[in-house]
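Across the two complexes that follow, chain A remains constant while its partner is chain B and subsequently chain C.
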Partner chain A sequence: MIDSLSKQYEIEDKGNRLFKIRINQNEFLRTINFIGSSSNFITLSQIACSDWIEDEVFILNYILTTDRRDKNLMIELEISREQSKLPTLLHIFPQAEVMERDLHEMYGIDFIGNLTLYDFALEDWNEIPPLRREFDTLAYVNEHFEFRAGREDNKDVKAETKRRRAEAKKLKAKKEAKK
Partner chain B sequence: MIESEQNRVIKIFHGPQHPGITGNMSVELDLVGETIQKARTHIGYLHRGFEKLVERRTIIQAFTIVCRICVPEPDPNEENFARAIEGLAGIEISERAKYIRVMVLEMSRLSAQMLWMGGQSGSVGLGTVAQWSIYDRDLILDLFEELTGGRVYHMYIYPGGVRRELPDGFLDRLTQFLDYLERRLPKYDNILFDNSTFKKRAIGVGVINPDEALKYGYVGQALRGCGIKRDVRKDNPYLVYDKLDFDIPTFEGGDVYARALVRRQEIKESIKILRQVIADMPTEGDIMQKIPKHRKFKIPKNDILVSCESARGEFNYYMAGDGTEKIRRMQVKGPSLIHGFTLLEKMLEGEELSNVAMIMNSLGICPPEIER
Partner chain C sequence: MEEGFIDYQKVLNNEEHAIKSTQSVIQKAVDWFRSKSMFVLAYGTGCGAIEMPPTFTSRYDIERIGVVGVATPRQADILIVSGYCSYKTLKRVIRSYEQMNEPKYVIALGSCTINGGMYWDSYNTIKKLEDYIPVDMYVNGCMPRPESLIEGFVKLQSNIKDAKREAGYIKYRENNLFYKDNQKKIFGDNIEPTYEANFAGMNI
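== the complex of A and B ==
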């Protein structure tokens, strides 16, 4: 099965029965259809996305698994962060609906043909999609939420640790100087 | 409750505050009489942003939150997290550590099955079973507390091995518990699995079509309950599962009852595995490999997918490193993502309202692992 795919694609063996092929965005649907019809990687088990902001791309891995569930194949493709669009796989894998909804909400990727890209875990979210690297969780929290009462004397742990260490060092130096 | 179309279709929200919901989620139901016309799952009541938080943390900082992704069953998360880091960083753990991890994962499986038994029986009005099974689960939690210091969240499986050596006499106490549980199982058969009330409610309800089950990505009891023998521990073995002798129970029917019977047999198989682990565990070997200090522990630029079999089915972690000490991306996919949306929404159409809680329990849906 993997051998038959290796005639068409360069396959990386990542060990533990995990394989990867890398494709261009324009080969996407053709590849998924070809693999679906010519191998027993019949299930879409996950769509993993990572944000490489420095390269201005998202890297998506469509993870397919066999009917025996004994091998996994990652189909990796890069898409532009600014024009993040891909065709939906809903017509091939019904489970893609929820995965695409998740990625649409978290990264802002449009899956063309999926008409159910409405709220997933968030409600009325109008900010930067939260799993994009430029979304700063801490800044968002500080801007939108208030610390509950009784924590006014809350201190920054890192700054406080630094201050205490410096104090202890000073004290130690003083004691040694006295000796 | 919203009434519409001259009171013909009634819309109700089953959850998030409802005793028959399996966690912080809601199912929006369109009803005509008692029959469900349409179901739509809503999550978002427990979004803690773990995947985002992990991106700004070092390994040891991220490790403390991954177990919280699934409350009833945290250990598969720890195992996947640790194995993904080990895979990326090229760390091989000792045989002894592998056996200890299998022990923890099977104890966790037993604990989750006991909790499920409580929920499943409660959903059909058999409250006594829940009192028994939650008590028995507590005995497992006692063992976890002794081993790890924590009852629910253990933070025990760490990249490189496990964090603590077994306490003196721990394996003897585990054996005593397994003996006790084995004696209890016939009683659970009487009160739940052979109970005519449960059978009448569960047989023929929430049926899964086996032709769809594999292609649509269903896992765990949803597959095995319709006769399809799939389990990561056998199909793509990790740790020392390939050295252990155990069966993958399957039942025909694809309904709530078949899934319950699968779980019943899985309890037996977990006991069998644990007894082998106790007998075969090497007495020598480091429980933790030498790993870089946490501030200097850099994860190579690469990516990986790891899977393990939780009590509810296959649990996947995708992880990418970028050469720094922080994880570039960790994406969690538990059984609940597909079961809670694709499967549940489809399955509830045409069902009776009174069966919703029972069906949800049988699928083992855990909302925190959907929201991550």
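== the complex of A and C ==
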């Protein structure tokens, strides 16, 4: 099946039975329609999104799986962060409903045609969608919550781990030098 | 002693838990009976819920100290909030708590209910449960083992029996505005109508 698709699209073999296609937003619906209806990639297992704020784009990965669950196909497309709109895939993959609803809540992406884009995990959320990178989580938490006293002497976990590892390394080197 | 069990009888018979308060004899008897019959609504809010099945089933068998699970808040005496509470969950927790009949107690399980735990910087998880509903017993740990939970129950039983501390439901009744204000801070005006009966001004 991958062979027949590779006649039409440029398919990158990522190894471990994973293949990838990069497409534009314009050919998105046509491509997914074609793959969904004429290949054995019949299951939409995930829609993953990452926020590339420096390039002002969201990169979405639609991950499809074959009926035998032996191959995965990633369909990658970039959309603008400002006007993040995409047509829904409900008519091809009904399970996209929850995934799109989740993406709408966490990144603010509009899926045109999906009527369930209301509150999901977050209720009454009036801020920027929280997984957008411009959302400052720590500032929000400091503003909305009062911390219990006793965390003031908290150490930075990463710095502390680094320091301890360096110390352990030194000790080990000393022991070896003694030997 | 077999690995994993605490000597809960020792905790029960400890001198420091002897009745010292100024309860009347009848009240003492009532409190004693109350402490030996705890009906628990185990509300699985977070990962702590996974410690509940072994606590209630044959491995740890908490029924031997008088703790039994029930299906609905209206039959329960004790609410276990097991782990982190998101806004959405907290709303349901408060609703369940308000549906429970008095006397009612709350056991909060895990670090997340105490200070946010590993979710201390999460935008969607509350940091101190006692700001929103009164907590009678905190059991810390991430996650606390069933032994810790049992110890929490035993300690709560002794608190109930000896009337050592003011029970949470009395605080909730008397300082209701404090709790409602805190709830309002995070829910805004979308707060659920209260279940607490207000008989003042009602024509019965």
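The working rule: the second predicted complex is superposed on the first by the 148 of 179 C-alpha atoms of A that agree within 3 Å, B and C clash if a C-alpha of one lies under 4 Å from a C-alpha of the other, contacts with A are read in each partner's own complex, and residues count from 1 in each chain.
Everything that follows uses one rule, which is that contacts are C-beta pairs under 8 Å (C-beta built on N, C-alpha and C of every residue); 3 or more make two chains touch, one makes a residue touch a chain.
Not measured: the values here are computed from a predicted model.
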Contacts of A:N72 with chain B and chain C, given as first, second, both or neither: first
Partner chain in contact with A:L122 - chain B first, chain C second, else both or neither: both
Partner chain in contact with A:E146 - chain B first, chain C second, else both or neither: second
First (chain B), second (chain C), both or neither touched by A:K170: neither
Partner contacting more residues of chain A (chain B vs chain C): B
Touched partner set for A:D51, first chain B, second chain C, both or neither: first
First, second, both or neither for A:L18, with chain B first and chain C second: first
Touching partner for A:P130 - first (chain B), second (chain C), both, neither: both
Touched partner set for A:F93, first chain B, second chain C, both or neither: first
Residues on chain A lying within both footprints (that of chain B and that of chain C): 121-123, 130, 135, 137
Chain A-facing residues of chain C, complex: 86-88, 91, 114-116, 120-124, 126-128, 131, 185-188, 190
Parts of chain A lying in touch with chain B, wherever the complex brings them together: 14-18, 42-46, 48-51, 59, 61, 63, 65, 67-72, 74, 93-95, 97-99, 102, 119-123, 130-131, 133, 135, 137
For the chain B and chain A complex, residues of the former touching the latter: 43-44, 47, 49, 51-53, 55-56, 87, 214-217, 230, 232, 235-236, 238, 303-307, 314, 316, 318, 320, 328-329, 331, 333, 337-338, 341-342, 370-371
Chain C-touching residues of chain A, taken from the complex the two chains share: 121-124, 127, 130, 135, 137-138, 140-141, 144-148, 150-151
